Amino acid sequence: MSLAQNAGATRPGESDRPLLRIDDLRMYFPITEGLVFEHHVGDVRAVDGVSFQLRRGETLGLVGESGCGKSTTGRTIVRLYRPTGGRIEFDGTDITTLGGDQLRRMRRRMQMVFQDPYSSLNPRMNVAGIVGEPLDIHKIGTPHERRERVRELLGVVGLNPEFGVRYPHEFSGGQRQRIGVARALAVNPELIVADEPISALDVSIQAQIINLLERLQDRLGLTYLFIAHDLSVVRHISDRTAVMYLGRIVELAASRDLNQMPLHPYTVALLSAIPIPDPAVESRRRRIILRGDVPSPANPPSGCRFHTRCWLRERLGNPERCTVEDPQLRELSAGHAVACHFAEEVDGSPEQRQSTGQGGTQAAAATSWAPAGNAPSAAPAAPGA
Amino acid sequence: MTRTRFGALVAATMIVVAACGGSSATPGPSAASSAAPSSAASTAASTAPSTAPSTAASAAAGTPKDGGTLVAGLPGDMVLADPSLVSDSNSSEIETQVIQGLVGLKPGTNSQLIPVLATALPTVSADGLTYTFTLRQGVKFHDGTDFNADAVVYNYMRQLNAPKSLQNDYNYYFGAVFGFGADSNLASVTATDPSTVVFKLKTPQSNFLLATTLPQFGIQSPTALKAGDADNPDPSKSPYAQGQGGTGKSMVGTGPFMFKEWVPNDHVTLVKNPNYWDTANAAHLDAITFKPYADQTAELNALQAGDIDWAQTISPTDVKTVQSDASLQAIDRGQSCNEFHLSLNNADKPFDNLQIRQAIGYALNKQSYIDAFYAGMAKPADNFMPPATEYYKPLNLPTYDPAKAKSLIASSGVPASELNLTFYYPSDVSRPYMPDPKGLAEAIANDLQAVGFTITFKTEGWRTGYLSDSSVGKFPMDLLGWTCDWAGPDNFLVTDLFYFNGSKPNPQFNYGPADLKAAFDAGIAATSDAAAQQAWGTAQDILARDLPIIPILNSTPPAAAAAYVQGFVGSGNLEEQFNTTWLNK
Amino acid sequence: MALLEVRDLVVRFRTHDGTIYAVNGITFDVEAGETLGLVGESGCGKSVTNLAIMRLLPKPAGRIERGRVTLDGVDLIALPESEIREMRGRDVAMIFQDPMTSLNPVLTIEEQMVETIVAHRAATRADARKRAVELLGMVGIPHPETRLRSYPHQFSGGMRQRVMIAMALALEPKLLIADEPTTALDVTIQAQVLELLKDLTARLGTAVILITHDLGVVAGMAERINVMYAGFIVETAPTPDLFARPSHPYTVGLLHSIPRVDAAEGGELVPIEGVPPDQRRAPVGCPFAPRCAWRVEACWADNPPLVPLEPVSRLVATGPGATHQIACHNPPLPDEARTGRPTRPGFVAAPPPGAVIDELAVATPDVEATLVEFPTTDAREERR
Amino acid sequence: MTATATPARRAAPARASRGLWRDALVRLTRNGPALLGMFFIVVFVLAAVLAPVISPYDPIAGSLANRLQAPGTAGHVLGTDLQGRDELTRILYGARISLQVGVISVLMGLAIGGTLGAIAGAFGGAVDNVIMRIVDVLLAIPGILLAIGIVAWLDRGLPQIMLAVGMTNAPIFARILRGSLLALRESDFVVAARSIGATPLRLLLRHMLPNALTSLIVAATLALATAIIDVAGLGFLGLGPPDPRTAEWGTMLTDSTKYLREAPYLIFFPGVAIVISAIGFNLLGDGLRESLDPRLRR
Amino acid sequence: MAKYIVRRILSAIPVLFGLSIVLFSFIHLLPGDPAAALLGQHATPELTAKIRQQLGLDQPLYVQYLQYLTQLLHGDLGKSVINNRPVITDFATRFPGTVELTLAALLFAVGIGIPLGRFAARHTQGWQDGVVTVISLFGISIPIFVLGLTLQYVLSVQLHWLPTSGRLDPRTTIPSVTNFMLIDTLLAGRPDAFVDALRHLILPAIALGSIPLAIITRITRASVLDVNNEDYVRTARAKGLTERRVDDRHIMRNAWLPVVTVIGLQVGGLLAGAVITETVFSWNGVGRWVVEAIQDHDYFVVQSSILIFAFIFLAVNLIVDIGYAYLNPRIRYA
């Protein structure tokens, strides 16, 4: 089976099955204490009940601030950790507790791209060795075939195929990230978990990698779980976006919907906090400044985890429900789920409109300048549209 | 006196004692004469090579001044503060300053007896079994109690009836000379009046008086001994033996110096006895501090730096350095009372072959060792005992002749495979008779290799196996020597070398023909000088005939001192009294 | 006379690997009370510029080779060490990127704040302490009295940066240099800190040099922006001008490299190709030429000076009316700036002279070309 | 505006690609002190290897007649020793012993400590805990005492000395290796390899060990210096090789202290030999540290 | 902090436990009959049998080990086979000597090493740094006994500047109270003896301190340079603090941390070095005792002194760790 054949295709009889199904995934890291014998005194609830599905060929963005559990979710999915609870189903197979050879075989089908292009490549291996390692491990092809494949992979990610003999330290950050992508592609994976693949890169390089990932997806029919803290990047690349806060998904929607019609107070605040490279927009925007810091995942607040910082709750006169009842993710409109008791109150609020700079009376006309392919939406999103 | 060779020696001397005949022994030659120290010096002059240092006796010019502290370096620390319980030379050297016996050695000699706490040498019964001593009056122990006949009896009886646990390990010399309890050759010690003590022996014992000069037979204050629990079966629990409490509590004798303090591994301090009975020979020094030094280099360094005033033994090769330093003086002890030999186990191949043993004798260039390691302060040995020993005679032993050695090896018929010799040397020590065992071993090996032997070296620590393993014959060939306890032929030929255990010879050499045993028995039992001369002469001839081991040399180990140290009288047994010593500064 | 005047500043580092050409002759002014944005990617020289102003370049490697820096007319470079030290903290203060590493971990916040005040004012420790409490309250730290006794690690990142701000503003300096003050922070915390910074500096009338790689941050904060590349200022303009008419290919590239959160869906990003220049080489020609889509022959040999975008009668260096200047031989047309690519018919970027430069070996991804011959997976694997 | 006038832009030098090891080697060859260290080491290795070629004399057999010839005496550049053997020859043969004991003891230490450290670092958890407690115990015993204890226990002899010195290094190596491995276990590239499906053995051998090796190599080089000193120290304490004729520097020096005043050069030359070779390895070790980890350079 | 200390103390227990097993094995795995080995030259069949019984060698190993452990916990370290004194008695008189020596050496190493390291760090590009580097290189490359013998020969034997060996001029007698010469001389009201004791201490302390000196110099230099590159030092300078304050307060307070750890680790090296130093300078301490004991096969002494040395090493490192924690608020308030 060639990569070309794989591209965008589904396997027979697998048509509607999601490639990845995550159900109530929980990943706790124990906190131990003790003078002589360590005993378990609590957990860092890095991931605490996350559910979503990922269709073949789709990109799901997972966004949130540091410590929200997005990276842990990604790593748990590729089974770098053994989950504390919940279920991970890959292409119909439960891989939650898979081990040994079975897991190793499964790993061929899901690969990861890491954040730091400097630390994620073994400095003692040359590029050919790094990119070819998955082939080695899974004993794919003859040595000659592997060499050829590595050369091709380097070409695919935009590197000179002759660079295989070089070592990682001889490359710049962007080039290294390309090597990381090539490594992930080596065994024709179906799912790629990209864990903040661009946040360590210079601005001018980020676009190169984003474009590379998008093109590869188009050509090879890849499915991405794209993890990042930057909502604008996630939104750009993802079909759907999930926003995480303290180990939970608080909002999950089509990326377009999420940006134009955020329904969770946190998402609204997050969007509003992102600076927009446009002084005209910036000058009219009013940011929602969240109070304080994210609480510790070892001791999450009761009820809604966001209630300690929630602007909406304050506005609504601090309803008790927020501190008592844990809001479940509920679908407010088609494909738009949110975990907030009062999400309806968000919709149409000035905060919602202002969050993306579309508030106020003027529309796009007032925008001083915008790149063509990167322009603000023509009109403010219609509430509930 | 040196010993640490307990087990073997005990056995040896017990036999000697048992073998003693019933005749009286002459207590040393020209014993009671009070010859001037110059006689020692003249002996020294005859043995010392031209490069040898001046003797201390000749340096003792001028009028002695009183006062000052002498810091003396010794090769090791004192072991216990009770001389009756020690057998090592360091303890003995210290304790001999404090504790006196009934008789002693004339300063500067190894075998001339003089009375000390006795008014004269004892009268001996014709059968040689009864010795009667008349004691000095008015002598007081350092704790103020009186010295008298009861004290003498107490001291001997305490050792005779020593607790079992002390008998071999601690009361070594008493055991060696007399034996304990019912097995002892000492039948009784009685005080007939406060100034008379009578010793009765079961069999005559020719070495009785000479042996009694050792500090191990010194008289200590019974009061202090009792107060300090000196007879505790575990000396580590005895305040007396541990030197606790200072003057009058520990090491309490009658000598010119008194014990003051002992800081283990650091120093022992003695102070002048202001009430010494022999006012003419009272100490000049206010105090002596003995410091242990692990090796001779450190000791000499300390001497050069002025940390110490006197060093008991320095390496002979350093004599030149000392002489070139105007602030120092080297001290020649005059005559040798030691021997150094190459031990051969005659039970091992190829040492069972006389021609091989002789070949080894011819192979060794003794003079070259003397030149290299002794700075000339030794003589090639031509006997198994030093020349100053009674009844010594030259034996014309093989001298350096490698060609002859080779031809002897050839004619011996020993196959080449047996010419590989395993050679033991002690790794961590220097002795008065072998200042550099390692260097000597290498030089000897070199000579042996030159005539066709090959050498495999092995080593053990001096105290940690070398002595014990050597004494039971585990080594085919090794280096060993002996510094005399007393300068009699028995002390070298028998005690040191070729004693018999019943009819079994010393396992160290596995050599002992019947005629040798007969000669030894005759020598010890001899009641006249002529008989003794005859017997010991025969024994020496037999040894020369069989050459069971290879005597190498007799050395005169040098001491060194600061130039201002005066009046010191050296002695071949390395156990000098410091009462004549004074500081010219 | 502007508050700060920087003239032809050249900074180099001497290292084992040779000289690093960090800042290559830059000139700019900061007016009192003004906020100037200094934008560029890592290694463009923006931080070095400011360390040079403070005379805090790492010794002995970093050296100011040339140039003049005056603050209120005082030549900072000629100043003796003791006097420049006096000015630090009092006249010019700095805050840095990582508030964790910028605060001394073994000293309490109190010690660190008090020493700053005491170093410049003849204040007693008690007075200084009172002032510290006041400052912490001012930057929004709850319970300043007790928090003063804490150590840096007992604060969160955002709080630490607030402490840094309080410390920097303790003596009400005329100029605050904020070097990527929010880069290490989460976006919601960044919003808090930026708000605070804006608010306080406005209140105190402090001029700010805001260093950042994020055009979004400066868009909302700065009145004027210098875009730096490879140790040069390549474009300078009042903020509205710059965004209204980005005119240097690098500025255009930057704006096309990041998706906007308010952007309409779709649209591909237009990245700047290649990698930033190796600063161990002496700059020759335009430093951006190897990555530039608009480069012409002259770019390879000749580094264009910073000149007004349009002819002006009088060059205005600072303030909201400052002249828009760029350093480019062939600036993109407004339409091209909008698409991010040269659209002039028949235009081809000038090929490099001589040997192919290493960096250029990185090509656009060659996805199409290599889809044919991938080795098949191991048959044995498939059967299992 | 051209800031600096440099004649022409030079094209990037076409250079062969090289790994970190080769990079490090290149850096090493530019490190003056390290080169000096290597020079000393090369001299001593050559001395050790070529001793019989350089010197016509027998290092073992001597002649008392020829003893203590002063340095510079015809035919004896460094004089002769107590047994009349050529001192230069002894020094040359001593290099053999020192280097041999040094290298083998360090290898033993690496074998023991490396294995312990690798197991502890690779497995972590309880295994790590047990091994590290053992290492702590060994580390708590001051080095030379451990060596003395081992020699006292196993008797004197070159193999015992090698083992003794090796054992003093083993816990240090174990700790270094384990530390690096534990750090590497969590490093991104190891996680990356794990996510690809690499087996634990592969992770250890291909990813962790090669990266942990640098610190171990530096430690081993520096340990060579201490090994030479430790061996000499054992000789000084009288626990050197049992054959007194053995040309071992420490023993040579110690034996000569008795003759310090007669022949100070007999202490000086072995002393210098020990110091110079220790300096050689120390310089090389420092150089390696710098070149293997360029961040350390200043 | 208290919790940290308790945990740190408790963590030393398994090490001591392990150590006791190692040392127990040391005696019991000696080649041949331990009783015979213990007796050495004294060995006679009866005595051997007696010792076997005394040592409980006829019992199963684990019983023997438990006995050994019980004795240890009661402070019974056995008896010397050479002089039959309880090990603890001799130890008490010798140990202060070793402590005095190691402390002096440590003081020398720290007192000179840290300023030297700071000095070098301040002049990294200058010749001063080169000189310091060479000094520290020699420091770690010269064996203690070579340095010790050289110092002794030149400064004492040839120049008579300082005494060659020992702890006090043997002509001076002062009562032993603490066995710390410097304290005892003062207690005895003998300032002259105090000076003399100090003079005796100089050469051994230099010889012993040379290696730690070199290491502390290097680590201080490296640490100061490291900290000098830290952001907070840049902050401190940017605040306009004087260079001196930056140095003392911001750089050194942090640079201390690795130095403190290294100083703790050096104690092990010092104790090991004391073995050789005390031999060279005839210093009456535990180190020389161990060497003599090994030569004498006095295994209880060897066993006990290794145990005590290790215990001290652990204790010092415990103290150092606590000191580190105290200096480092990140641990203090963890």
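For the reader, a short list of remarks on this structure follows.
Order of writing sets the labels: A, B, C, D and E. Residues in every chain begin at 1.
As a working rule, a contact is a pair of C-beta atoms (placed from the backbone, for glycine too) under 8 Å apart; a residue touches a chain by one contact, two chains touch by 3 or more.
On a predicted model such as this, the values are computed, not experimentally measured, just so you know.
The minimum number of touch steps linking chain B to chain C comes to 2. Comparing mean CA positions across the assembly, the chain most remote from chain C is B. The count of contacting C-beta pairs peaks for the chain pair A-C. If each chain is reduced to the centroid of its CA atoms, chain A and chain C end up 28 Å from each other. One inter-chain figure worth recording: chain B and chain D are separated by 49 Å, centre to centre, where each centre is the mean of the chain's CA atoms. Centroids of chain A and chain E (each the mean of its C-alpha atoms) stand 56 Å apart.
Taking the mean of the C-alpha atoms as each chain's centre, chain B and chain E sit 41 Å apart. Residues of chain E found to touch two or more other chains are 124, 153, 279, 295, 297. Among all residues of chain A, those that touch two or more other chains are 105, 108, 138, 163, 187.
Residues of chain C in contact with at least two other chains: none. Chain A makes touch with chain C in their complex at residues 1-4, 7, 65-66, 105, 108, 135, 138-142, 145-146, 148-149, 152-153, 155-160, 163, 172, 174-175, 187-188, 202-208, 210-212, 214-216, 219, 229-233, 235-237, 255-256, 259, 269-283, 285, 287-290, 293-294, 356-358, 368-378. Residues 124-125, 229-243, 245, 249-250, 253-254, 257, 327-330, 333 of chain E are the ones that touch chain C when the two sit in their complex.
The residues of chain E lying in touch with chain B in their complex are 40-44, 79, 82-86, 90, 93-94, 152-153, 156-157, 160, 163-167, 169-171, 173, 176, 279-280, 282, 284, 288-289, 292, 295-297.
Within the complex formed with chain E, the residues of chain D that make contact are 33, 133-134, 136-137, 139-145, 148-149, 152-155, 225, 229, 232-233, 236-238, 250, 253-254, 257, 260, 264, 267, 271, 274-275, 278-279, 282-283, 298.
Interface of chain D with chain A (complex): residues 17-21, 23, 187-199, 202, 206-207, 210-211.
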